[in-house]
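Submitted below is the structure of interest, expressed as structure tokens.
As written, the chains take the letters A, B, C and D, and residue 1 is the first residue of each chain.
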Amino acid sequence: DALRAAFDAAVAEDTRIEPRDWMPDAYRATLVRQMAQHAHSEIIGMQPEANWITRAPSLRRKAILMAKVQDEAGHGLYLYSATETLGVGRDELLDKLHAGRQRYSSIFNYPTLTWADVGAIGWLVDGAAITNQVPLCRCSYGPYARAMVRICKEESFHQRQGYELLLALSRGTAAQHAMAQDAVNRWWWPSLMMFGPPDDESAHSAQSMAWKIKRHSNDELRQRFVDICVPQAEVLGLTLPDPDLRWNESRGAHDYGEIDWSEFQEVLRGNGPCNEERINRRRAAHDNGAWVREAATAYAAKHGEAQA
Amino acid sequence: DALRAAFDAAVAEDTRIEPRDWMPDAYRATLVRQMAQHAHSEIIGMQPEANWITRAPSLRRKAILMAKVQDEAGHGLYLYSATETLGVGRDELLDKLHAGRQRYSSIFNYPTLTWADVGAIGWLVDGAAITNQVPLCRCSYGPYARAMVRICKEESFHQRQGYELLLALSRGTAAQHAMAQDAVNRWWWPSLMMFGPPDDESAHSAQSMAWKIKRHSNDELRQRFVDICVPQAEVLGLTLPDPDLRWNESRGAHDYGEIDWSEFQEVLRGNGPCNEERINRRRAAHDNGAWVREAATAYAAKHGEAQA
Amino acid sequence: VRAAAPAALALGDDALVLAQRLGEWAGNAPVLEEDVALTNIALDLLGQARTLLSLVGDEDELAFGREEHEFRNVQLVERPNGDFAETIARQLFFSVHQELLFTALAAGDSALAPLAAKAVKEVAYHRDHAERWTLRLGDGTEESHRRMQDAVDGLWRYTGELFEPLDGLDVDLAGLRAPWLERVTAVLGRATLEVPQGADRTPWAAGAGRQGVHTEAFGRMLAEMQHLHRAHPGASW
Amino acid sequence: VRAAAPAALALGDDALVLAQRLGEWAGNAPVLEEDVALTNIALDLLGQARTLLSLVGDEDELAFGREEHEFRNVQLVERPNGDFAETIARQLFFSVHQELLFTALAAGDSALAPLAAKAVKEVAYHRDHAERWTLRLGDGTEESHRRMQDAVDGLWRYTGELFEPLDGLDVDLAGLRAPWLERVTAVLGRATLEVPQGADRTPWAAGAGRQGVHTEAFGRMLAEMQHLHRAHPGASW
């Protein structure tokens, strides 16, 4: 019909789909699922880094880390606002998160064990996120694309700060260098898993690419990320923990070792190091805050103020 | 009557009154009040010292401190058992403590701000307690007197350990010495207040002395304590914070400065630095443990086991 | 600058310690907007702290290398976060004070005037934020009213210290108490809360922070804050 | 002794870290008898830790001077106390293991045999204490049953690490798993609790403590434990 044709044409011509435009139900559902997962990842992702706010070893680093965690909360706000353009509110999505019915990025189920992990998250995890997200700035759904433009700008700032943190450690004392290397050892493989399963096992990819919600395959993005990281690791003076990593002249790209997908599946199934801690902490914050939200609602009802 | 006469004779002859003996109601009430206050002081007194268990600066000191705090819990147990010989159970007394209807020693409403406070409490607070308590080993009520024998033995052990802790600090680095001096500065006057108000203002003293529950007046005990501490402070190399403190040849005792009884009254009224923290912490431990005690009772009921 | 150093240290410690406390909320706030707001306030305070401490010496040596008794902050800012109401009450009391103080400082010509002039706008936001929440909690539900009143009552005795004289400050702190009380009273009144009747200080508990006497909770806070820095003496970060 | 050093360090760290956790209970126990009992167990463990660490080096340098990744304790012992049920479940799992291990060690002739022979009696008491409470909580009220089952389930994945091989130990740790499981199963059964069906380890979370990989909570525990010592380098106490 005409609506479907207009939608298809808009996608084909790279015109943005906007909230009031007609869109297929499956397109809407896919977007909501992906944006919710992204929003949840931002707010769960505050935890591993906030773990070091109180212990940051210099005031400058403490300020940078606080600003970063604050940005993540802000990203969560943009993204929940973007889902609202599709008629799905934040409260509903949070309930699903707390009930374990919606996911967040598995990477946040790994622990931050040392200060260097803050750097490794910035360099590798934010780096991987950016590699995933930059194409989303051209995503077919307007509000999501615009949110991603702002988010990517801030993420790339975080990524540089993480890199610089690691550089300071790598060039610091022997203990600091070892701390940095240890962090990279622990975060490298989980970061590669952030791009999702190999292309031949990826469930939603083909339809998402047709809809221009997704623009590149998992393996393409993963390769791009590896090729970016290798020279950066050299400058850092840190070793990526993969004996099979080497330049492949013929492909014009780096070969890398096999990823342990069984670990990925375990973390997805809830058996990662911190799955329980993360979701319990989130639920606790929400439950402990219930009386505050109720007070704000009651006050607004009495005084006609928009809720806080 | 005959019972009264037998009681009076026993007190006069320094024979112990035992639980099944007849005793005046006021004697019983005075004993219960004093023993309960003493028991409460032991368990509240665990808090300021337990505050440093997790932070003790050497394993040896950590072990000594743990053992001391454990002893205090044990003293609480003896003393609540002793009140039970007078028909008043621990649960009832704890309820009164938690409701603010029975007191504990005001000294525990001061904070332990540094590691040296652990030493100052041992030397001064335990020292004052012993000076108060040694005469209680000859108290007219048998179970109380016997509990005090055991308690005094352990307290004097604690007192020596506290002294030795301060000595190590005083002879340590400049920062350690300063820490020790600061602790003594903060604990000296409150320790002197532990003997209670001056004799001419002491409400219960006369009757208690007649009953041989009490054997010396507040001011006598306070003087004894000052005379013990002055030479010990010299050996420690620490100064007692009282410019009026000096040997009085004619009295054969030390003169000391005026005590700020308004502070004492304020702490008694609940306005000390830690009154709220101490009682809130105690209530929280009790409330958080309610389900555990209920479980033990339920299990005992099912299995006929004596309650834990 | 030298003349102002004791004041810069004390005010810097106030800001640092409160920033540290507020930083504990990150990821734990009752609503996402408050994760943003509380962290934002913490960041402002941390910025103030860095400027102030740098007037006195090396900011990191001062923050991470001092013992408890060398800190000069008021005890109010070191009080544990407690529930959200306690955090808001602490923030209200402190921010109203800081806005008055920085406004006065900004009008003077001491070494602290530039910092105060810059910070006064952010502090006005902190105060506004605390006021709004005081209203919502005080005049919200029965539970929130009770919690907010408990928080105000519990922290009241830590407020008097804010007005004790401070070396190196060309502002009459005692003179700020009347306008402070007037503003706090107005907000509490609108929030249907009682102004506490108890003392606003006690000689040993609250009121000694400026002389380096703190509360038991402060030592644990510093242990967490300083441990990593102290574990690597001389390292750069 | 040198051959046994890696094992002495690991077992010493187990005892030290669990003592530190139990020490957090002092003054907070649900009943006064448990203030005594938990502190008593903590003291026994601290004594074991001191003996074991002294076989390796200076006990205080080891306890207060190492970074997190240098500790070799199993992750089980560093888990936060949680509620009383979690503390009891942790203690049951650990004490049953320790009793089996020390019994085996005491029968051998390694450098750890004397410590094990001395400690085995106190460990039997720890195990007995944990068993009694497991029974009371499991077979007490509905609430205590639920809490105890949650605790057992939640800690189960930290138990497998107890049976991983340890350098310098002349005991087949893997061989202790069967008797351990038998005893734990018996106690849980009597307590009307289910033996958890989930994995008793996960490759990255629980099972890496012996290689120096710990959990987020451990860093905060060490910060508190080490701060004062580190704040006064070289001082004697």
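Heads up, the rule we're going with is that contacts are C-beta pairs under 8 Å (C-beta built on N, C-alpha and C of every residue); 3 or more make two chains touch, one makes a residue touch a chain.
Just so it is clear, the model here is predicted, and its values are computed rather than measured.
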Chain B-chain C separation of Cα centroids, rounded to whole Å: 37
Chain centre separation in whole Å, for chain D relative to chain C (CA means): 41
Distance from the mean Cα position of chain B to that of chain A, given in whole angstrom: 57
Multi-partner residues of chain B (at least 2 other chains): 55, 175
Chain D residues counted as touching two or more neighbouring chains: 67, 223-224, 227-228
Touch-based graph of the chains, sorted into line, ring, star, complete or other: other
Inter-chain touch pairs (all): A-C, A-D, B-C, B-D, C-D
Chain D to chain B touching residues, read off their complex: 16, 20, 23-24, 26-36, 39-40, 42-43, 46-47, 49-50, 53, 59-60, 63-64, 83-84, 132-133, 135-137, 139-141, 143-144, 147, 224-225, 227-229, 232, 234-237
In the complex with chain D, residue positions of chain C that touch it: 67, 220, 222-224, 226-228, 230-231, 233
Residues of chain A defined as touching chain D within the complex: 48, 51, 55, 110-114, 175, 182, 186, 263, 266, 271-274, 276-277
Touching residues (chain side chain C, partner chain B) in the complex: 67-69, 154, 157, 199, 202-205, 213-216, 219, 223
Residues of chain A that touch chain C when the two form their complex: 43, 46-47, 50, 53-63, 66-67, 69-70, 73-74, 76-77, 80, 90, 115, 165, 168-169, 172-173, 175-176, 281, 284-286, 288-300, 302-303, 308
